[in-house]
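Below: the structure, in C-alpha cells.
Should a chain be cited, it is by its letter among A, B, C, D, E and F, assigned in written order, with residues numbered from 1 in that chain.
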Amino acid sequence: MESINAADTAWLMVCSALVLLMTPGLAMLYGGMVRAKSALNMVLMSFAALAVVTITWIMLGYSLAFGASTWGLVGDLREIGLVDMLDQTYGVEGHKVPMVVFVMFQLTFAVLTTALLSGAIADRAKFGSWVLFTIVWSLVVYAPIAHWAWGFQGGQGGWIGDRLGALDFAGGTVVEINSGASALALALVLGRRIGFRRDPMRPHSLPLVMLGAGLLWFGWLGFNPGSALAADGTAAVALINTQISGAGAILAWLLFEKIRDGKATTFGAASGAIAGLVAITPACGFVTPLGALAIGIAAGLVCAWAVGLKYRLGFDDSLDVVGVHGVGGIVGMLGIGVFAATVANAAGANGLVFGGGFGLLGKQTIAVLGTMVFAFSMTWVIATIIDKTIGFRVDPEDEIAGVDTTQHAESAYDYAGVSGGSVLGAHPVSGQR
Amino acid sequence: MESINAADTAWLMVCSALVLLMTPGLAMLYGGMVRAKSALNMVLMSFAALAVVTITWIMLGYSLAFGASTWGLVGDLREIGLVDMLDQTYGVEGHKVPMVVFVMFQLTFAVLTTALLSGAIADRAKFGSWVLFTIVWSLVVYAPIAHWAWGFQGGQGGWIGDRLGALDFAGGTVVEINSGASALALALVLGRRIGFRRDPMRPHSLPLVMLGAGLLWFGWLGFNPGSALAADGTAAVALINTQISGAGAILAWLLFEKIRDGKATTFGAASGAIAGLVAITPACGFVTPLGALAIGIAAGLVCAWAVGLKYRLGFDDSLDVVGVHGVGGIVGMLGIGVFAATVANAAGANGLVFGGGFGLLGKQTIAVLGTMVFAFSMTWVIATIIDKTIGFRVDPEDEIAGVDTTQHAESAYDYAGVSGGSVLGAHPVSGQR
Amino acid sequence: MESINAADTAWLMVCSALVLLMTPGLAMLYGGMVRAKSALNMVLMSFAALAVVTITWIMLGYSLAFGASTWGLVGDLREIGLVDMLDQTYGVEGHKVPMVVFVMFQLTFAVLTTALLSGAIADRAKFGSWVLFTIVWSLVVYAPIAHWAWGFQGGQGGWIGDRLGALDFAGGTVVEINSGASALALALVLGRRIGFRRDPMRPHSLPLVMLGAGLLWFGWLGFNPGSALAADGTAAVALINTQISGAGAILAWLLFEKIRDGKATTFGAASGAIAGLVAITPACGFVTPLGALAIGIAAGLVCAWAVGLKYRLGFDDSLDVVGVHGVGGIVGMLGIGVFAATVANAAGANGLVFGGGFGLLGKQTIAVLGTMVFAFSMTWVIATIIDKTIGFRVDPEDEIAGVDTTQHAESAYDYAGVSGGSVLGAHPVSGQR
Amino acid sequence: MRLITAIIKPFKLEAVKEAFQAIGIDGMTVSEASGYGRQRGHVEVYRGAEYTVDLVPKVRIEILADESDVDRVVDAIVGAARTEKIGDGKVWVTPVERVVRVRTGEQGHDAI
Amino acid sequence: MRLITAIIKPFKLEAVKEAFQAIGIDGMTVSEASGYGRQRGHVEVYRGAEYTVDLVPKVRIEILADESDVDRVVDAIVGAARTEKIGDGKVWVTPVERVVRVRTGEQGHDAI
Amino acid sequence: MRLITAIIKPFKLEAVKEAFQAIGIDGMTVSEASGYGRQRGHVEVYRGAEYTVDLVPKVRIEILADESDVDRVVDAIVGAARTEKIGDGKVWVTPVERVVRVRTGEQGHDAI
C-alpha cells in the first residue's frame, strides 16, 4: 500500500465507529417515540437497515456511488465486492487513507440514511417488505445521490458537487433532504395509521428518546468533521460548528414551544438538537461559528413549525422525518448560500452575506430541488411496486394489536414482578424446537 | 494555519466527542436516580446546560477563561464569538492543534460542569430559572475558575495553576470542587424537597443509572487523558490511572456497603465508579498507577461515608453532588499533594510520599479552599437573586404532582398495553395548533 | 520515553475507550435479557468484573500474560503493579506506543471476557462468590490463554500464537472460546435455574438488549481493528471485515428464524449481530471482505441453531454464552483455516480456499481444542472449589424472590405514579445510619 | 346503591367514556387487568424458545350508581364496548351497602 | 363479613396505613387505579400535539373486615385520606359471603 | 351468580390456572396487586438510605361462577395456591346480581 497518513486513518476509522453508532442511536430515538406495542419493530427496522445496507454497499452501492461517472448521474460497477481494493488508498497526497476505510466511512452514512426512512412508516409496515425496500432503495436512490454530491472526478463526476459546484459538506442532500423526500413518499404510499389525529400516540419512553438524541449528537461529531476526510483545520471548523448549531437549535425550539404552548419540553429539546445537527450537516465545513449559530436557530424555529404540517396536510409521517430531516436539510443547504465564507474554508465559497451574491444560493437551490424530485419520485415508485405486489402494510387487526407481537412474536417489556405484582401469562410450550 | 499535528488534532477532536457524550450520560444517570415523575426534568436540565453553555462559552466564556489575565483572576474579552480564530492554533511547538479544537474541548468541560449542578435541585426547580442560572453561572463562576487553574500565560496567568503552582490536571478544582461547592449553595437556596427524609425517593430506574455510569466512564477516558492536549506519554499515564482509580473506588465503595449495610449494591458500584473517576481527575497526569489506586480507594471510602452527611446536616443535595463531586474532588486534589511523582510526569512535582515535603500539599489546599469559597458564595448570590426575583422553586402542588407534567407537560413513560392491560387516558384535543 | 508514534498512540487510546465501553454495553445486553427481578445483579456482575479485573490485571495479570514465557504456557511476574513501566514503550519500530497504553488496551479485553461469563449463571449466583471467582479466573485462566495466543517473543512466547503459529487476530481463543468453554463449566457447577424449561424467562426489556447490542457493535470497531496495534492497513481491513461479518450474521440469523419459526425477531437481530462479531474476531485481520461475509453468514446460522442445544442437553447456560461466544468463536477460528488470505494480510497465511491446504486448519483446530480443554477444566475446578467452600448459588427462596432484592437490597425499577397509579410501599426507616 | 364492574377491551375505553357522558355518568374508576377466556393470547419466541402468552390485556371499569341507573349504565357499556369479536368482556352488578365521599363525608346517593 | 373498598390519592396511602395500625387493622390489599371524575387531569404536549390525560392516578385499597369493624375502618380511611380537595376519592362497602385463608383453609373471622 | 376473588402469590398463578382447567373453569380476570399483612416485605438500601418495602407483590384473580360451582372453585384455588408459608393470600365470595356478556348481551349463566 502506498504510504498512508496514520493520523488521518485513525481519525477516519474512529469517525466510522462514531457514525455507525448513530444507527443504534436512531433505533433508540425512534423506538422511544412510538407506542410500546411497536417499539421493537421500530428498533429492528434500523438494525435491519444496518445489516442490509452494509451488504448492498460493499457489493454494489459503493461502486455505484464512487465508481467512474456516467453523465454525472451514477458510478460504474467496477469495484463490486471490494475485490482487489485491499491495497488501494484514497485521498489527496499527504492525506491518503486505506481505500477500505473510506468505503467503511461512507457505508455508515448509507446505513444511517436508509434507517432514517423507517420513521415515516412506524407502527404499520410489513417487516419483510421493509427489508426488500432497503435493498432496492440503498442502491437505486441512495447510491446515485451520493454520487451526485460526492463523486468528485475532476469535474467529470457527480453533477451536484463536481459539475454544478453546489456545496454539501456532510450530506444535506445525500442524507437529509434525500431521507425527508423519500419519507414523504413512503408515508403517502403506506397511508395513515389507524387512529391518526384521533388517538393519543405519544412517545412511550422519553428517556429512550433522549438517550437516542445523545448518542446521535455524539456520533454527529464524527459524521460532520469526519467528512473533511482528514484531521485538519476544516475538520476542526466542522466540529465546532456542529456543536454550535445543535445548541442554537435546541434553544430556538424550546423558545418556540414556550411561546406557543406555554411550556418547553424534553421532547422539544431532542427535536431541536436533531434539527440543528441536520441543518449544519451540509454547511459545517463552509461557514463561520456565527453562521452556524444562525443556521441552528433558523433550523430550530422552522422545524418546530414544520412538524405540525403533517396534521394540517394529513400525511402521516409518523416520526417527522419530513419535518426534521427534509426541512432541516433545506435550511442547511440554503443556509450555505447565505452564510458560506471562504474565511472558514478556502476551498468553499462566499455566500450572500459574505459578498458572494446569489450565485451560490442558486446552485444550492438546484441541488435541493434535484434531490427532492429524484428521491421522492423514485421512492414512490419503489414503495408502490412493493405495495402492489407483496404488500407493504400489515392488516388492520395486526396494526391495532401492535406490530411487535404480530410481526415479530415479541413484546418489548415484561416488568412483571417488579413494582406491585407479578404477571402473568407466558409459559413455554416447548423450550426449543 | 501554521502546521498542526494531525495526530494530536485527531485525538483532541475525539476526546471532545467523548467528553460531550458525558452530558447525555449524566442526564441518564441523574434521570434514573430521581422518581419517575421528575425524570424528564432531570434529563432536560442537562440538555439545556449543553445548549446554553455551548453558546455562552463561544460568545464570552472561552475568552473569560483563556483570554489575557487580569491579576490572575479572569481573562479579557478579546476573543468573543470565535471571530478571527479560525486560522489560529493552540499548543506548544510540535503539538499544535487548531485553536477551535481547543475551544471545543474546553467547551465540553464547561457544559458538563454546569449540568452537574442540577443534581442538587432535583424535583423542584423552575425550568426557566434553571436556564437563566446556567447562563450566568457558566460565565461568572465557571469561566473564572477555569482561568485560575488552566489559564497558563508564562506565570502571568491564572493564580492557581500559573502563579501559585498548584496542580490540577483535568479539573479537580474547575469541575469537581466547583460543582460540589456550587451545588451546596443551590441546595441551600432552594431548600429541601417536600418529604425529604420522610418519603421514599429511591431511583426509579437503576438500569438507566448504570447506563449513565457506563457512558460517563467511557467519556472520562477522553476527559482525563485528553487534558494532556496531546497523544503522548502523559496522556497514556492519565488513561491508565483513570481506569485504576475508578476500579479501586468501586471495590472500596462496595466493601464499605457490605460491611455497613450487609449488602453491596448496584447503585453503590455506580457511585463508587464516579467517586473514583472524580478523585483521579486532578491527579491522573501526576501520579503513578499505585498512587491512582490509593486515591481511588480513598475516594470510594470517603465518598460512601460523605453521601450520608446530608441526612445528618439536613441539606437536600438531592443526588449527592456535594458528597461525590465536592468531596471526591478534594480527595483528589489533596491526593496529589501526597502521591504526585515526577516519575509519572516530569512536568509535575513530588508529593509527600515521594519526598516532596508538605509544600505541594499546602498549595493544593489553598487551591481547594479558594475554589470552594468563591464557588459557594458566588453561586449562593446568583441563586438567591434569581429566587428573590423570578423565583427558583415550583409551587408545592406542582412539586407533589411532579415537575415533568407541571413544568414540561410531559410524562416520561407510557407502557400502556404492554404487560397486562392498556391504559388510559390521553386523547388529542387538537392534533396541532 | 523513546519516540512514540502519536497517531498509533491516539488510535490505541481511543480503542481502549471503545473496548472499555463494551463492558457496560454487555451489562445492558445481559441486564435486558433476564427477568426484571434479577436485572441489577446481572448488570452488577459486569461492573464488578470491570473493577476487579482492572486491579488483578495491573497487579499480576498483565505480567502473567505478557511477561517472559515459561514453556509457552505463562509469563513471569516481573512487571507487577506497572512499577517502572511508565517510561517504556511497546511495539515495532515506527509504531511504538507507551507501554501503559498497551497494558490498558489489553486490560479492557480481560475485563470484558471475564464479564461475559456471568451470562451463564444469571439469576442464581451469590455476588460475593462471583467477585472471588473473577479474581481467580482472570489470573489463572484468562492471563495464561492470553499468553498462549498473544505472547509473541520471537518464537519463544505463547504456544498457540508464537510457537504453533495458529492465527487469532483479536481473541477467538482468548476471548470467545475461552468464555464459552468457561461458561459451560460454570453453568454445570451452578446447575439449572428453578423453573428452567418450565417457566417463562423472557427478556424483560428488549430495548435494553438492543442498546447493549448497539454499544457492543460500536466497541467492537475498536476491539478488532485496534488489535492491529496501529492505525494501518491491517486495522482498516479488520474494520470493514468486522462490519461485514456482523451484518451477514444478522441477516443469516433472521432468515433462519423466519424459516424455522415463521417470524424474524428483534432479539434474533441482536443475537445474530453478536454471533457475527464474535466469529470475525479472530479472523478480521486475515481474511478478505468476502471471506468475512462467509464467516458471518456461517456464524449466524450455526449459532442460531446452537442456542437451542441447552434445552436439548439440559445445561442452563442462561444467556447463551456457549451457543454464541463458544460456538461463534469456533466458527471464526476454523473459518481462518478456510478463508485466510495473504492478500488481506501479508503477515497472515493462506487458508483452504486460497490454496494453503489443510495445514492452517489443523493448527487452528489444535488452538481451539487446547483452549476449550484448559478453560473448561480450570473453570470447573475453580467454580467447584468455590461452590464446595463458601457456596456459589443462592438459596431457592432467594432465587424465587429474585437476586436483586435478596443479594443487593435493591429493585431495578419503580415506575410508580407514572402510568395509572402510584405505588406503594417503601418508606424510610431511617434516612441514614 | 350498586357497583357495576366491566371488563372490556382497552381500546374501547374511550368509546365507553363517551357513552357515559351521553347518559350523564361522570365518575368511574379504571384499572388494568388481564383476561383469560375464550379469546386466545398469542405466541412469542425468544431465541427459538416459544412462550404462549394466554392472558390478554383488558381494562376494568368500576362505576358506583343508584339502583335506578344500573340498566342505563350496563346498556351504555355493552353498547359502546361491543365489537362482536370474542373477548369483548363481561359486565356484572353487585350490591353495595354504603358509599362515602372521602372529601366531604357525604353518603349514599350524594357521594357519587 | 364485609369488603371495604377505597379509592384514594396515592400519596395518602401511607397515612391510611398508619390509621389502620392505630385501630388494629393489619391486613389489606392495594392496587393501582386511575380515576375519572370531577377532578380534572392534565394536558400533555408532544411536538405541538396536545393530549388531555383525563385519568388521574389513584390507589385502590381493599379490606376484609367483620361487620362490626366496618364503621371504624371507613372512618379511619376517610379521616386519613381527606385533603378536602376534589378527587379525594370514595369508600364503599359490599357484603361478603365467605372468606378463606389460603394458607390454612380457615374461614370467616379467623381468616382475616 | 357469585364473584370469587382471590389474592395469591404471583408464582402460583400457573398452578391455579391448571387447577381450573381440571374442573372446567375457563374464564377469569387477573390483575396485579400488592399485599399488606402478616407477611413482611423487605428492606432496600440506596446510598445508605434504608427503605422498608412493606407491600408484597400479589396477583388478584376474579371468577364469575354459578352458585353451585363456588365450592369447587374455592377449593381449587386453595388447593393450588397453598404453599403453607405466610402470605398465601385470601379467597372471598360476593353475591352478584347480574352478569352480561358484552359480545352477545347474554345474561346470567349463559354469560360466563
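The rule is simple: a contact is a pair of C-beta atoms (placed from the backbone, for glycine too) under 8 Å apart; a residue touches a chain by one contact, two chains touch by 3 or more.
As the structure is a computational prediction, the values presented were derived from the model and not from experiment.
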item: Numbering shared by both copies at the chain E-chain D contact, with half separating same from different; value: different
item: Between the pairs A-E and C-F, the one where more C-beta pairs touch; value: C-F
item: Centre-to-centre distance between chain F and chain A (centres being mean Cα positions), rounded to whole Å; value: 50
item: Where chain E and chain F are represented by their mean Cα positions, the distance between them in whole Å; value: 18
item: Inter-centroid spacing, chain D versus chain A (mean Cα positions, whole Å); value: 45
item: Shared-contact residues (touching 2 or more other chains) in chain C; value: 5-7, 10, 14, 199-200, 202-203, 205, 211, 215, 260-261, 263, 265, 267, 308, 311, 409-417, 420-421, 423-428, 431-433
item: Two or more partner chains touched - positions in chain F; value: 11, 14, 30-34, 44-46, 48-51, 55, 58, 94-95
item: In the complex with chain F, residue positions of chain C that touch it; value: 199, 400-401, 405-406, 409-411, 423-433
item: Complex contact set, residues of chain E against chain B; value: 11, 14, 34, 41-46, 48-55
item: Contact set on chain B toward chain A in their complex; value: 1, 4-7, 9-10, 13-14, 16-17, 20-21, 23-25, 27-28, 31-32, 39-41, 43-44, 47-48, 50-52, 54-55, 58, 81-83, 86-87, 97-98, 100-101, 103-104, 107, 127-128, 205, 208, 211, 215, 404, 407-420, 425-428, 431-433
item: Chain F - residues contacting chain D, complex; value: 1, 3, 17, 26-32, 64, 94-103, 105, 111-112
item: Footprint of chain F on chain B - complex, ascending; value: 200, 202-203, 257, 260-261, 263, 265, 267-268, 271, 304, 307-308, 311, 320, 420-421
